[in-house]
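Each structure below appears as structure tokens.
Both of the next two complexes hold chain A, though its partner changes from chain B to chain C.
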Partner chain A sequence: MKGSGLKIYAIAYLLFLYAPILLLPIFAFNDGTIIAFPLQGFTTKWFGELWTNKALHDAVGNSLFIAMMTAIFATLLGVCAARAGAMASFPGKKGITGFIMLPLVLPEIIVAVSLLIVLRQVLDMQLSNWTIIMAHVLICTPFSIAILNGAFQNIDPALEEAALDLGETRWSAFRLVILPLVVPGIISSMLISFTISLDEFIIAFFLTGSNPTMPVYIWGLLRFPASLPVVMALGTLLVTLSIVLLATAEYFRRRGLARAGIKDSGGFL
Partner chain B sequence: MTALISLRGVQKYYGTYHALRGIDLDIKAGEFFSLLGPSGCGKTTLLRTIAGFEGLSDGTLKIDGKDMSGVPANLRPTNMVFQSYAIFPHLSVAENVAFGLRKSSMSKKEKSAAVKEALDMVGLGGFGGRASHALSGGQRQRVALARALILKPKVLLLDEPLSALDKKMREQMQVELIRLQRQVGITFILVTHDQEEALVMSDRIAVMFEGEIGQMDDPETLYRAPNSRRVAEFIGKMNFLTGVVTTDGGTVSVDVAGLGRAELPASQVPQGTVPGKVSIGIRPETLAILFDGETTQRRVVDATVSEVVYYGDMTYYDVRIAGVESALTISMKNLIGRPVLDVGAKTKVIWDERSLVLLPA
Partner chain C sequence: MARFRWGQSEGGRAALLMAPPFAYALLLLAVPLLAIILFSFWTQDFMDVNTTFTLDNYREIITQPIYGLLLQRSLYVSGCVTIVTVLLAYPIAYFVSFHVDPSRKSIWLFLITIPFWTSYLIRVFLWKVILGYNGVVNSGLMGLGVIDEPLTFILYNVNAVIITLAHAFAPFAILPIFVALEKIDRSLLEASQDLGETRLSTFFRVTLPLSMPGLVAAVLIVFIPTIGDYVTPELMGGAGGKLIANMIQTQFLALNNAPLGAALALVAMICVTAISLLFVFLNRRWLRGRS
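And then the complex of A and B:
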């Protein structure tokens, strides 16, 4: 049959990609401490334990704070960079854009180690949530720029001039015309940055102070087999949250394009 | 006469590119003025310097007697209709039109009355609630007009406002723009590369070439007495021949290659004409074919038809005449009983001294 090879390949690929993730909810609701088949029965007690674990709550709190700050700062930087990129060219524009996008392909472990050295050895700073936020802003900004570039470049430059022509200042023209048109891009960028930061492990592991982030805390739990089902429950919640956030981000990105009357050309989803 | 807009020695450089090379221009209040020229000659640049989107590299620009250097676009008494119309896509039609009133001291009621009036004026009454993306090209254009006119600017700048419309719509909007301009009495400066549009609409036209103004005149003068070959080439259709000018006391005559010698009336002799070789322009409609059975008081010369283009109401003939380098184009009205000649037909071409436009060689 024509294309059946391709079909099998696609199904195998999807299984390989998503089967492990499907195991999360299965064992999260399994009434047994050992992660193995056959299943022992249905329970929600692991989710119940999530509610009473103070250390976990602290870790989640840290992560949410870091992710929120990262989303705000990365998007702020992204707006500035994308705005500059959409305006008339200036000397060295290409080179600068290239450098800004570099962290996208830089191995995180390298970023983590070098940041640790700079922060501890050179600057002698205390590790805290803020050191992680700095590093996360570094890795999230390129994503933010990539999303916002699309949003800014789709705007007819004459729109801003028309606003100026009708009596607005540069700032009010930006606020009244450009900003409303890129709001979907901004929301999308914040959601993506938030998601990336929330489950980022390597950098957080290196730069975390006395208070671990959630991924680092989960990693710590793995040493105790008895707590594995709790991790599964937590993982189930995280996967659900990630999917919801990414889908929302994509919705806003597409709405932004539709609003500017542009045909879709790629994106992260 | 005090000019509403006055430019003196205006120069504009983009980096090393010399986009405007010394523009002197006076535009009167209430005038419909057009900037006409081939692509890349600097029309948009000139319009944008008047609007305040581009600074001058040199020279002065005054609007209503006030020097505009250092005055940003938002503080100038000009408004612009952009080529892309630049309708704000996130605002409704009424919100677009009201945009410029944001800073005005009008009450809410006065504002909405003004918006209604502006929309009525451009024939879009009742469209206020529409989303701006649900508009046709012609409607977007009207919204852009209403949005600019609601501020009652001293000058309305229009950058090829009709170029995105189809032919029918364009002709309709030309008439409407003329009507609108008469009605509001605002000075219009129109950029176009369509010579017909400029001729139809303008009180005066500046023809631009490579950052300079080649000629500035009313449409009729521009058409009948172009001051150079490039203006003659750009406006309408023109045949070019060579000739030699001789002067004898007060009379100027010209010996046109292939046609013969003719004495020119004083009104047809440009100032500064000197004896010697010249280029001679002849409009297709100032020549004629002498059909069988017709007679003429004017001069005739033998010719052979080399091409025929039939337009229904008109026929354009290309004819060859001994001693004339290239074929001459002649336009003839297809009057009742008049035949359409075939290629190769022997015929006679009617001309006289009134056909000749003297151009610097």
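And then the complex of A and C:
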């Protein structure tokens, strides 16, 4: 009884969560320039306009580059921290880990303005894709650590000890024994970091140079009513891409858990 | 030499491994945060930064009523968003933890988290479409004959900002509560019912107190970041719904007054931290570890 009432609530809640995303394709295929009901008819011309928009292609290119670099660097740092986290303790370990995880709860605008001050006023650097990458690595590393912690902490230490006893060095034991076990976690972490970076706007808006990232470009479009249907079409593609990426990430995360031989107990965090 | 000795113990090797991410966070987080504190005591005239120590920025924040008003409104919005989000999220976390078959829990969590990762800007914009004058809600309610004229109190004001932010932060609230609920030993619930408690009183006397750490985490993880959002108030808030983050953004990017922006960011951060600490302090009896 109680469960079924909750289930209805849960489904209504999911509907609330998905409401905006479900509207997206409706307006992307709607043959009208105003984003409102009633609908005007079916068209694919907004998707066609995406193909011919040079500024958009540049922005997408920038964002893909930033997201890829972010995924690589954040995951590298995440592997270090998660591996260290699964090893013996040392003085200050808890505090250091907490500090590295801090961007998870810090308002993004604080990260953005503090980095802007250092980069522009102190170091007098030109803003570029790399300044955004630096900030995105900072905010993605905690997510990467959260995902990889699951992967590293579930490894039986006896496996590595056995490899060492059988004559492997620390590095080759890591490469041959530990790494294959955490590869799914690494892929999952890279996909999540990629998705976060690709979608991140608040920091990118402050740190973007002369070449806008895709969210910054979309932000500019949102002010012009005429360009809104194109934004809807772009959004539809992005949502589809994100879902594919996340589903792949989830698949690898679960495979990693299965490889470590443990029961799945929850999501990414 | 030092390095060699460090490599001897496992703790030492762990510390070496932890060094790169720690150094990165130190350089790109701690140093910038110190810089922002320093900057807030300086002044800037167009491009020239004057590095004499002054409290002018803080004096301006106190004396000009606009900043106090924005800050107050921001804290009010963050507070409302937190309450709405956490209250709506708790039953979901409870449902997934207690009423979903264990093999299907992760698919539920996956479904809940997906909207959170996708096109933040466009999602916020679509709330405008949902809540707008000719929006989904209004045309739906008018079509059903519930209302005769479009509702106007749901767009371009603080309510719209709260609804949109509550939507954006939903998964953030669900996950910590879910984790806390998963940790509860189910035999405690049986024991409670065997001892004569009803399901409802079991919930309030056993389940809820044991899930408080998750609830507190959820409150913090929603309350703190919402103060820094300027997208939602910009798109949804209209003239009367702008928040402190919009002002910080304006000071930095439009008015070229980084020191005042830095001071505002710090004041906002200090308020949020103080409220968070107070909240944790008030809930301290639930957070103590039980063995």
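The rule we apply is simple: the second predicted complex is superposed on the first by the 258 of 269 C-alpha atoms of A that agree within 3 Å, B and C clash if a C-alpha of one lies under 4 Å from a C-alpha of the other, contacts with A are read in each partner's own complex, and residues count from 1 in each chain.
The rule we apply is simple: a residue touches a chain if its C-beta (ideal position, glycine included) is under 8 Å from a C-beta of that chain, and two chains touch if they have at least 3 such contacts.
The structure presented is a predicted model; accordingly, all values stated were derived computationally and were not measured.
Colleague: Once the structures are superposed on A, label A:181 by its partner contacts, choosing first (chain B), second (chain C), both or neither.
Modeller: In the superposed model, A:181 contacts chain B only, not chain C.
Colleague: Is A:19 contacted by the first partner chain B, the second partner chain C, both or neither?
Modeller: Once the two structures are laid over each other on A, A:19 reaches chain C alone.
Colleague: May I ask you to decide whether A:7 touches chain B, chain C, both, or neither, giving the answer as first, second, both or neither?
Modeller: Once the two structures are laid over each other on A, A:7 reaches chain C alone.
Colleague: Output check: A:224 vs chain B and chain C. Expected answer is one of first, second, both, neither. What do you get?
Modeller: Neither chain B nor chain C is touched by A:224.
Colleague: After superposition on the shared chain, which partner residues are touched by A:199: those of chain B (first), chain C (second), both, or neither?
Modeller: Only chain C; A:199 stays clear of chain B.
Colleague: Which partner does A:167 reach: the first (chain B), the second (chain C), both, or neither?
Modeller: A:167: touches chain B, not chain C.
Colleague: On chain A, which partner touches more residues: chain B or chain C?
Modeller: C
Colleague: Between chain B (first) and chain C (second), which does A:159 come into contact with in this model arrangement: first, second, both, or neither?
Modeller: first
Colleague: Could you give the residue numbers on chain A that contact chain B in one complex and chain C in the other?
Modeller: none
Colleague: Help me check something: in the complex, which residues belonging to chain A touch chain B?
Modeller: 156, 158-159, 161-169, 176-177, 180-181, 259-261
Colleague: In the complex of these two chains, what residues of chain C are touching chain A?
Modeller: Residues 9-15, 17-22, 24-25, 28-33, 35-36, 39, 49, 88, 91-92, 94-96, 98-99, 102, 105-106, 108-115, 117-123, 125-127, 129-130, 132, 134-136, 139, 167, 170, 175-176, 178-179, 182, 199, 220-221, 224-231, 235, 245, 248-249, 252-253, 258, 261-262, 265, 268-269, 272.
Colleague: Once bound in the complex, which stretches of chain B touch chain A?
Modeller: Checking each residue of chain B against chain A gives 51, 53, 72-75, 78-80, 82-84, 86, 88-90, 99-100, 102-103, 133, 147-148, 151.
Colleague: Touching residues of chain A toward chain C in the complex: what are they?
Modeller: Within the complex, chain A contacts chain C at residues 2-3, 6-7, 9-10, 13-14, 16-21, 23-24, 27, 35-38, 76-78, 80-81, 83-85, 87-90, 93, 96-97, 99-100, 102-111, 113-118, 121-122, 134-135, 137-138, 141, 145, 170, 192, 195-196, 199-202, 205-206, 215, 218-219, 222, 231-232, 234-235, 238-239, 242-243, 246-247, 250, 254, 263-269.
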